[in-house]
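Structure record follows, encoded as structure tokens.
Order of writing sets the labels: A, B and C. Residues in every chain begin at 1.
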Amino acid sequence: MKQYILRRVGYSLLSLVLLSITIFLFVRVTGDPAVLLVEPGASKADLDAVREQFGLDRSLVVQYGTFVSSLLHGDFGKSFYYRTPVLELYLSRLPYSLLLALAGMAFSLLIGIPTGIIAAVRVNGWWDSAGKIFSLLGLSLPSFWVGLVMILFFSVYLGWLPSSGSGTVAHIIMPAFALGWYFAAAHMRLTRSSMLEVLGSEYVKLARLKGLPEALVIGKHAFKNALIPVLTLAGINLVIMINVAIVVETVFAWPGIGRLLFEGISFRDFPVVQAIVLLCGTMIVVVNLLVDILYAVIDPRIRLER
Amino acid sequence: MALNTPAVNVPVAWRLAALRLGGFPVIPTAILASIALVAILAEVIAPYNPEIGTLGDRFRPPFWQVGGSEAHLLGTDHLGRDVLSRLIFGARVSMVVGFTAVIFAGVVGTSLGILAGYLGGWVDQVIMRVTDAWLAIPALTYAIFLAAIVGPSMWNVVIILAVVYWTRYARVIRGEVLSLKERDFVRLAIVAGCSKRTIMKKHILPNVLNSAIVLGTLMLGVVIVTEAALSFLGVGVPPPKPAWGLMLSDGKKGMMAGYWWLTVLPGCCIMLMVLAANLLGDWLRVKLDPQLRQL
Amino acid sequence: MSTPPLLEIRNLSTHFVSARGKRVVRAVNDLSLTLRAGETLGIVGESGSGKSTLALTILRLLPPAARIVQGEINLDGEDLLKKSDAEMRHIRGKRIAMILQDPMASLNPLFTIGDQVGEPMRVHEGVSRGGAWTRAKELLKAVRISAPETRVGEYPHQMSGGMRQRIVGAIAISCEPALLIADEPTTSLDVTIQAQYLKLLRDLQHAHHLALIFITHNLGIVAKMCDQVAVMYAGRMVESGPVRQIFNAPAHPYTEALLQSIPRLVDNRQRLTAIDGQPPDLAAPPAGCAFHPRCPKVVERCSLEEPPGFAVAESQTARCWLRDPR
């Protein structure tokens, strides 16, 4: 198992390096990076000062070096708008995004997994067809539109739920639903196909031959095996949820990092945008690594591999 | 009671014409074709100029509601522009952006996938590491980042989407090429002395085309939604051009006042197009290569 | 014979009907056989002859497209076809057990050996967890797995194919069934392990007085292990009887052809004998006797009418017009 972990860590580091290079190069590829790194409405003197500060006239390699070293020191730049270090801003908003993502994930699993299981056990039945339609809609409806329609319906027409902000449970219901909707469909699909595959396996056949009650066959033998790929996906999706929530957060004015990104692009606050993308990529790489390691620990097949 | 699934004997339920495997999905193709037609004939069909409106005529509801008129079948927006016309021209934007981005991404991604898969070695490593790293950032975030750098414009959006999505092609195609490499007809070609370039062009490329096409149709929906998201956030297609995503963002302003048609209608259009693309892609996927069910 | 048979199948027919009822595949067609306690019956046939369907029919684990059209399956005098699902569930694993072909896939990778071996007795006999764990160790010993105390806590992927197949055997005998059905149990095993496994099955059979149904396409195994043999072709049982008798004097041309196609070391023949032609499409079988297009001894009557079973010698029957005494 050690070998496996070391290899995975190596890959992750490589990915992080490539990521930083990519972002670094993209910023510099479009003519004059100083324009981006400076406040909107700056004078020529300001531009020159920025060039000086970031060493934009030096060679790319040197620039990259400074770039990486400041990142490793936790310096992700300063927001023009808020006049605070971006990292601070990011960390203060992260809990909100995490909360929303957890709520969205809970919703998507609570709906997705049972529906997927029933669809598989009663394949080609009514439930399965309904599930197929649901999954199709889930994958086709943009999450922000779902959010908008929900606001229209529940806030404007019915007046039941608040349309923006955070603070109470009522505030999180709609955003969580809008965010989790797409993933519920994805999880349902995966649960269904995974369950079908497991139900067709030899060990399930044997379980039936043993005369085990159907509930045990499905609940014990099939369920655990079928769930492995789904939970793996869910783990990865959680992190993705945190990061793609930007549109949902914007629609509902939810104060997470997605909304921070939106503010960044609205106010042309480039350091914020760059930092968020970097942190986002880093988070995903790290979480993928952790999920792989966790998987290795749980699955006895990998754990006991020498 | 069966040895394997299904455990319960369930009769085959009705199936939507579009969902039936093997039966040609008439409805999705018809929808896509109609949208394409509308996009091409926009100037002819649309009753008004989508970018100019009369301020005195703002926020008119659709004709079936009180206050609506037949002059503006689907109402007007906050600047008095005709919603129907904007939807029609918006179809053009979605189609153009959608198809072009998918084709660009497809060409780049497939080529790199073939190179990585066939040549192997360090070429493969480099391309794959880059692909992995790029896939680590969610498409939308990545697109927003790039849009922040280059600024909003329709063609920028196309290029950005291509840059963001080629990695998905590269991954899949590379996998296909790896297994194709072991097939006899490729080995025969090598033995016959064909150059690497010829093999890749004549033998490998035609065989991965199926997967590329299937992936393309599946990607179409994703690309359109991303473009809509970008426009919604203000970094996609810029005003006054009519993009469905942009209309949604405008519509948000009027939502609290109850001007529902500005939100619901553009969204319906997006949904229709994406749904049709997804259904078509699903059907193609099963039809062209059952192995691709894993996609 | 004074002892009543353990298993008696009479005129069993299992058909597979396609979704719209258009194609009917007669997987098992008017089959009858008898098996006594402690006996071993070999069921031989090509792929598609209906042998596995027969096993699944006995256990009532057929897919939804299958219909048991007629017949009786009497286990100790009770007709299994009349039992409810719940009753059948109690019979499976407890009175009738089955071993499948692929040992690598038969065990659930996420649960320990002890857990899986103990399951049937916990479900059917209400044995406690601790009790089942102990019993599992004894069972592993009975199937000749070394170091059963450690093995019982391990996972399937830590075992070889041969070991896994033994574990499947242990699961099968755990509730002391009266009948054990083995569907090609050695086909996936290494040749060197096969003989050991067959010996194990034989010993288990004697120790527990099991009746054994051995489904195989390998006549060598039948010769070694079985007392009776039933030869199946296209869903019908074309010949049945004691193994010695049939191997010495096959009454049906198909059986004869099967026996001849086994390559023998001392033969001077240059070419391998194979049976001409292909197995029939079960949805549209040939008229008359299903084997007649490939039969080297065919006569005109064979293509017109299906032959019934004719008694050839003591307890040997064959479905062939050539055996018609008239």
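Just so we're on the same page, contacts are C-beta pairs under 8 Å (C-beta built on N, C-alpha and C of every residue); 3 or more make two chains touch, one makes a residue touch a chain.
A quick note: this is a predicted structure, and the numbers were derived from the prediction, not measured.
Chains that touch both chain B and chain C: A. Of all chain pairs, the one linked by the most C-beta contacts is A-B.
Our note on geometry: chain B versus chain C, Cα centroid distance of 54 Å, whole angstroms.
Here the spacing of chain A and chain B, counted between their Cα centres, is 21 Å. With centres taken as mean Cα positions, chain C sits 53 Å from chain A. Annotation for chain A: residues 205, 208-209 touch two or more other chains. The set of chain C residues that touch two or more partner chains comprises 59, 61, 89. In chain B, 1, 3-4, 6, 10, 12 are the positions where the chain touches two or more neighbouring chains simultaneously. Against chain B, the residues of chain A that register as touching in their complex are 11, 14-16, 18-19, 22-23, 26-27, 30, 36, 120-126, 128-129, 132-133, 136-137, 139-142, 144-145, 148-149, 151-152, 155-157, 163, 196, 199-200, 204-205, 208-209, 214, 217-218, 240, 243-244, 246-247, 250-251, 261-262, 264-266, 268, 270, 273-274, 276-277, 280-281, 284-285, 288. Against chain A, the residues of chain C that register as touching in their complex are 59, 61, 89-94, 97-98, 100, 102, 105-111, 119-120, 123-124, 155, 157-158, 168, 171.
Within the complex, the chain B residues that touch chain A are 1, 3-8, 10-16, 19, 129-130, 132-134, 136-138, 140-142, 144-150, 221, 225, 228-229, 232-235, 248, 251-252, 255-256, 258, 260, 263-264, 267, 270-271, 274-275, 278-279.
The part of chain A that touches chain C in the complex is made up of residues 201-203, 205-213, 216, 221, 224-225, 299-301, 304.
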